[in-house]
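Got some structures for you, see below.
Next come two complexes built around chain A: one with chain B, the other with chain C.
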Partner chain A sequence: MIHVKNLVKRYGELVALDHLSLDVREGEIFGLLGPNGSGKSTAINCILSLLSFDKGEVEIFGKTMAPDAYDLKRKIGVVMQNVAVFEELTVYENIDYFCGLYIRNREERRHLVEEAIHFVELDDFRKFYPKKLSGGLLRRLNIACGIAHKPKLIFLDEPTVAVDPQSRNKILEGIERLNEQGVTIVYTSHYMEEVEQICSRIVIMDKGRVIASGTKEELKAMITLGEKITVEVFSINEEQLSQLRTLPGIVSVEHIDRQLYIKSGKGSNNLEIVLDFLKKRQIGFGRIYSELPTLNDVFLEITGKQLRD
Partner chain B sequence: MPVFNLCLKIFRRNWLAVFIYVAIFVAISVTIAITSVHDQSSGNGFTQQKAKIAFISEEKTPLTEGFRQELAKHADFVSIPDSKEQLQDALFFRQVTYVLRIPKGFTKNILDGGTMQIEKTIVPESVENAYIDIDVQQYWNLARLYVRHDPGLTQEQLTERLRQNLDGDTPVRMNVHEHAKTKDSFSMYYFNFLSYALSAILIMGISTVMIVFNKQDLRRRIFCSPSSPLKVNLQIILADLLFAAVALVALVGFCFLLDAKSFTTPNMPYFLVNAVAFTACITSLSFLVGNLLNNLSAMSGVCNILTLGPSFISGVFVPQEFLNDTVLKIASFTPTYWYVQANTKIAKLTDFDWQNLRPVFTSTLILLTFTAAFAALSLVVGKRKRLME
Partner chain C sequence: MFRHVFVYRFKYLIRDRELVFWTFVFPVILASFFYMAFFNINKDEAFHPINVAVVYGGEEQYDAPFKAVIEDASKGKDKLFNLKDATSQSDAEQWLKKGRIAGYFTSGETVKLTIKDSELEQSIMKSFADQYRSSRLAVQRIAQDHPDSLKEELLKDIGNRGNYVKETAGGNSEPDSMLNYFYALIAMACFYGSFWGMKEVTDIQADISDRAARVNTAPVHKLLAFIAGSAAALVILFTEMLLLLAYLNFALHISFGNRAGLVILTALTGSVLGLSFGALISAIVKKGAGMKVAILTVATMIGSFLSGMMYMDMKYLIARYVPFLAWLNPVNLLTDAFYALYYYDSLSHYVRTMGMMCIFILLFCTGTYLIVRRRKYAGL
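Coming up: the complex of A and B.
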C-alpha cells in the first residue's frame, strides 16, 4: 500500500532522513518507533508530500505521491502530532469542516460526522469548543477530524502524546477497531508499549534511518537478551556477585539498592540457575520478577541507548 | 466551499470585537450629524446685523430727523439718558456698541459747506459698528454733495432727495455653488472618520482569519486533504473581500441614514470611489498584518496602533490644517493621509473639471499604490514564513 524507497531529507547539514525505505502492507497496523528526533514525523510529512525531500520515491496505492495527488489524498486520513483544530468551531463543526474537505454531500457528511463523534465517544461534547476540552478529549477530537471521511489509509503521528492512561486506552482501542474494519494504519510513537500492543509490524528508526524492522517477535529475536530477572537480596558481597556473573547463560549482573538486575541469554531455565546459586550461598532474597525483553531492549542493544533518550 | 464558509463563521464568532468599533463609530457619527445640522442651519443665507446705538441729537432739524430714519434701517436705537457716566456704563455692559452725538449747529454747518463732524464713542472691534460708520459717511457726504451742487435746496427738499437716493435696497444673494454644500459638511467628517472605523473593523476581521489559517498545524492538516492550496487561498481571499465589502456598505449605509441629502450631491460618487480605494488598501494591509502576526493575543494592540496612529496624524480627528508640517510629512507615509486629503478636496469641489479632479485622482492613485505594495509585501512575507517552516 505504501512503498518508500531511499528517502533523503536534509536540513542544511542535518540529515533528517537517511535513505529511508519501508513498505506498508494493506490491512496492517504499521508502527514507526523511535526516540524524539529520530525522523518519524519528518518521514510522515515527506510521505504525505507536506515536506519536499531531496531524494527518493514515495508510492501510495501504487501511485506516486505528490502535493497535487488529490485522488490519493482523498483516500488518506491524517492525525497530526499537534492537535490541529479550529478554536472558533465546536466539536461538531470541526469534524464537519474537515470531513467537508473530502465529502461534498451534506447528508452523507452529516452521517459520517455523527459516526465519527460516536466512534471517539464525544457524543456529550458535540457543542463544546476545543478550549473547554481536556487534553484527552482534544486528542480524540483530533482523531475524529482525521477519520470522519472513512479513509482507507490513516496516518497517526503520536496521537497519544500528553494523554491520560484512560484516554490513551480508548484511543488505542479505537485504532484497533478501525483496523478491524479494514483500514490500514501507519502509527508513529516513541511509546514502545503502545507500538508493541497494537502494531502488527514495526520499524525502529534512529537518526533518520531504519535500524530494525519486523514483527515484535522478529525484532526481539534479533537480540541476544532472553530474560531480565530482578531479585531483591538482603546481603551479597562482591565475590558472590563475581561468581554470579560467571554462571552459564548470565549476560550481566548489577546490584543497586538491594536489587539484583540480571540479564540472561536465551534459554529455558535461567531463573532456576540464579535461584539455585542464591540458595547454595545462603543469600537471603525476597521478591523476584522475570521479564521478557521489550522493544526498548531491542533498541538498547542495537543503538546502545534507551528509546526515551 | 468549506474554507469560505469557515471564514464567514470565524467572522461571525468575532462579531463582538468588531461591533464595539461599529458602535463607537455610529455614536460619534450621530453626534457629529446633530452638531453639523445645527451649524448648517445657522449658516445659510445673509442677514445684516443691526448695531445697538444710543442716538443723541443736540438739535432737531428735518435733516437730522431724516438721518435718524435712515439710520434706523441698520441700527436699533436704545434710549440712554444723556449723561457721560451712563453712556459709558451702557458701552461697558454692551447695552449699546455705538454712541452717536449730533452736536448743536451741525445742520447749519453742513448747509454752509462746513466740515463739522458727528461725535462717536464705540465699543472697540465691534463689527456691526462698521455699518453705522458707512451709513453716517454715506448720508452726510451725500448731503454735502447735494448742497454743493444745488445750494438753493431747502432742508425738507434735501431730506427728501437723500431719502429717495438711499432708499434703494440691495438684496444680497449668497452666490455659492450648490455642490459646495459638502464643504465642512457632515458627509466630509463622516467619510474622514470612516477611515478609522473601517481600518479597525477590517484589520480585526481579516487579520484574525489570516492568523487562524496561517497556523502551521492547521495549514498542514488542510493541505493533507484533496483541496488545492490555490483553491483554499482563493476561498480565504473571497471571504475577506466579501467581509470588506459588507463592512464598507454598512458604514456607508449609516451615512445614508444620517444624511441622505448628501447622497444627492455630485460630490458623493467621488467620496464613494475614494472610500472603495481606501477599503482595498486596508484589506491589503490586513492581509499583511495577518501574515506577520502569529497569535491572536497581539491582534488588539496592533490594531489600535495601526488605526489610531494614522488617524491622529492624518487629520481624521483633527483637520489637517491644524497639524504641523512635520506631522503631515510623517502622515504622508500612511494611506489614511491620502484618503483624508482626497476627501477634503472632494468636499470642496464645485466644478468637476479635470483640473479640480486631478488632485483627487492623484490621492486615490497613491492609495492604490499602497494597496499594491501591501499586497506584494504580504505575498513575500507569507511565502518566506512558509519556507522557514
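Coming up: the complex of A and C.
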C-alpha cells in the first residue's frame, strides 16, 4: 500500500533519512519505532509530500505521491505529532472544517463529523473550545480532525505523547477498532509498549536508517537474548558468581545491591538451571522475576544503546 | 471548497477578539481622543462664558476705559465673561471662595488679577488682563491727546474673544492639517489589518504552523485555500474600515470631501495594502510569531509617525527634506490619498498616490505568491 525506496533527506549537514526503505501492506498496523530524533516524523512528512527530499521514491496505492495527487490524498488521513486545531473554533467546527476539505456534501459531512465525535468520545464537548479541553481530550480532538473523512490509510505520528495512561488506552483501542474496520495504519512512537501492543509489523529506526523490521516475534527472535532473570540474593561470593557464569545457557551475570541480573540465551529451562545452582550451593534467595525480552532489548542489542533514556 | 474555507476562516478570524480590538476598537477610541483634543475647545457650544467680577479702584481715569472694555467683552452672543459687579473687594473674595466666580479683576493703574488656580478659565482671564495692559500702554499716547478716543482704541485692539481662546488653548487647529491626523489614523488601522494577512499565511504555510501542515495534506489546492482565507480577511478588514469611516464622518463630523465612492475605493485599496503587507512579512519571517507581530507593529507605528499621526510637522519635514520617503511610506501614501480627495479638486495627486499604492500591493502580493506557491518544504 505504501512503497518507500531509498529515501534520503538532508537538513544541511545532518542526514535525517539515510536510504530509508519500507513497505506497508494493506490492512496492517505498521509501527515505526525509534528514539527521539531518529527521523520518524521526517519519514512521514516525506511520504506525505510535505517535505522535499534529496533522493528516493514514494508510492501510495501504487501511484507516485505528490502535492497535487488529490485522488491519493482524499484516501489518506493524517494526525500530526503536535496538536493542530483552531483555538477560535469549537470541537464540532474544528472537525467539520477539516472534514470539509475532503467531503463536499454537507449531509454526508454532518453524519461523518457526528460519527467522529462519537468515536473519540467527545459527545459532551462538541460546543467546547479547545482551550477548555484537557490534554487527553485535546489529543482526541486532534485525532478526530484527521480521521473524520473515513480515510483508507491513516498516519498517526506519536498521537499519545503527554497523555495519561487511561486516555492512552482509549486512543490505542480506537486505533485497533479502526483497523478492524479495514483501515491501514502507520503508527509512530518511541513507546515500545504501545507499538508492541497494537502493531502487526514493526520497523525500528535509528539515525534515519531501518535497523530491523518484522513482527514483534520475529524481531525478538533476531537477538541472542532469551530471558532476563532477576534474583534477590542475601550473600554470594566471587567464586560462586563465576561458576554461575559458566552454566549452560547463561550469557551474563551482574551482581548489584543484592540483586543478580542474569541474561540467558534461548531455551525454556534457564530459570530452573539458575535455581538448581542456588539451592545446591545453599545460597539464600528472595524474590525472583523472569522477563521475556522487549523491543528495548532488541534495540539495545543492535545499537548498543537504550531506546529510551 | 472556496465557500467552505471562506466561511470557516471568517468565523475563525472574527472570533479573535484581540485582533478585532487592534484593528477596529483601538482606532475608534484613538479617533475619539483626537476629536476631544482638537475640537471641544474650538466649538462654540463647548465654550461657556467665564464668571468674573470687577472691583473698581475708584479712580475714574483708570476705571472708565477698563469698564468699557470688560463690559464689551461681557455682552453679545459670543461673550467671554459673565460679569458680576462687586461693590467691594470682600464681596469678590467671598464669591471666589464659594466658587461662584473663577476670579476677579481689580481696576487701577495696573489691572490686577486674583484667581483661584490656573485652569483654562483663569488663563483666559490672565491673557485678557495681559492684553489689556499692553494695549493700554500702546494707546496711551493717543489718550493723552484725545482722552475720549482711549476707549475706542482699546476696544478695537482687544477685539474678538477668539484670540484669547485660541492662544490659550494652544491649538494650531487649522482645519486642514487637523484632518490629516484622522486620515493618518485610518491608514494606521489599515496597516494593523496586516495582522489578518499574517494569520492567513501562518495557516497556509506548513513550515509555520501545524494547522497549515494539516491543510497541506488535504486534497485542496493550496492557493485556492489561501485566496479563500484572504478574501475572508479582506471582507472583515474592509468592513471595519467602512465602519471606522462612518464613525469619523457621521459621529465626529470629519470631512472626507464629496467623493464618497472614491473614499470607499481608497479604504478598499488601503485594506488590500495592509493585508498584503502582513502576508509578505509573515511569509518572509516564517517562524517566531512574536517577531512578526513586533515587526508589523513597529512598521505600522513608524509609518504612521512619519505620516504625521502623532506629530503633524513630521509630515512637512519629510515633504521638505526627504520627499522620496513620503513616496516610499505606504502608510503616508494612504494618508495622502484621503487628503488629496478632501483638498484638491483635481484628481491628479490622488491618482498618483493610488498608483504608487497599487505598485506596493503588486510588490507585496508577488513576494507572498513566490513564497506561498511552493508546496513542498525544505523543513517543517
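Methods note: the second predicted complex is superposed on the first by the 308 of 309 C-alpha atoms of A that agree within 3 Å, B and C clash if a C-alpha of one lies under 4 Å from a C-alpha of the other, contacts with A are read in each partner's own complex, and residues count from 1 in each chain.
Here, a contact is a pair of C-beta atoms (placed from the backbone, for glycine too) under 8 Å apart; a residue touches a chain by one contact, two chains touch by 3 or more.
Since we're looking at a predicted model, the values are computed, not measured.
Following the overlay on chain A, a clash is recorded for the pair chain B and chain C.
Look at A:K131: by the touch rule set out above, it reaches neither chain B nor chain C.
One of chain B and chain C touches more residues of chain A, and that partner is C.
Residue contacts after overlaying the shared chain place A:Y11 against chain C, while chain B stays out of touching range. After overlaying the two complexes on the shared chain, residue contacts for A:K280 are found with neither chain B nor chain C. In the three-chain superposition, chain C clashes with chain B only at 80-88, the remaining stretches of 62-70, 80-88, 134-142 or 170-178 being clear. Taken together, the two structures place residues 45, 48, 50, 67-68, 70-71, 73-74, 76, 78, 80, 82-86, 88-89, 93, 97-98, 100-102, 145 of chain A in contact with chain B in one case and with chain C in the other.
Residues 2, 6, 9-10, 13-14, 212, 215, 217-218, 220-229 of chain B touch chain A in their complex.
Listed in rising order, the residues of chain A touching chain B in the complex are 45, 48, 50, 67-68, 70-71, 73-74, 76, 78, 80, 82-89, 93, 97-98, 100-102, 145.
On the side of chain A, the complex with chain C involves touching residues 11, 41, 45, 48-52, 67-68, 70-71, 73-74, 76, 78, 80, 82-86, 88-89, 93, 96-98, 100-102, 104, 145-146. If you check the complex, the residues on chain C that touch chain A are 1, 4-5, 8, 11-13, 15-16, 206, 209-211, 213-222, 225, 375-380.
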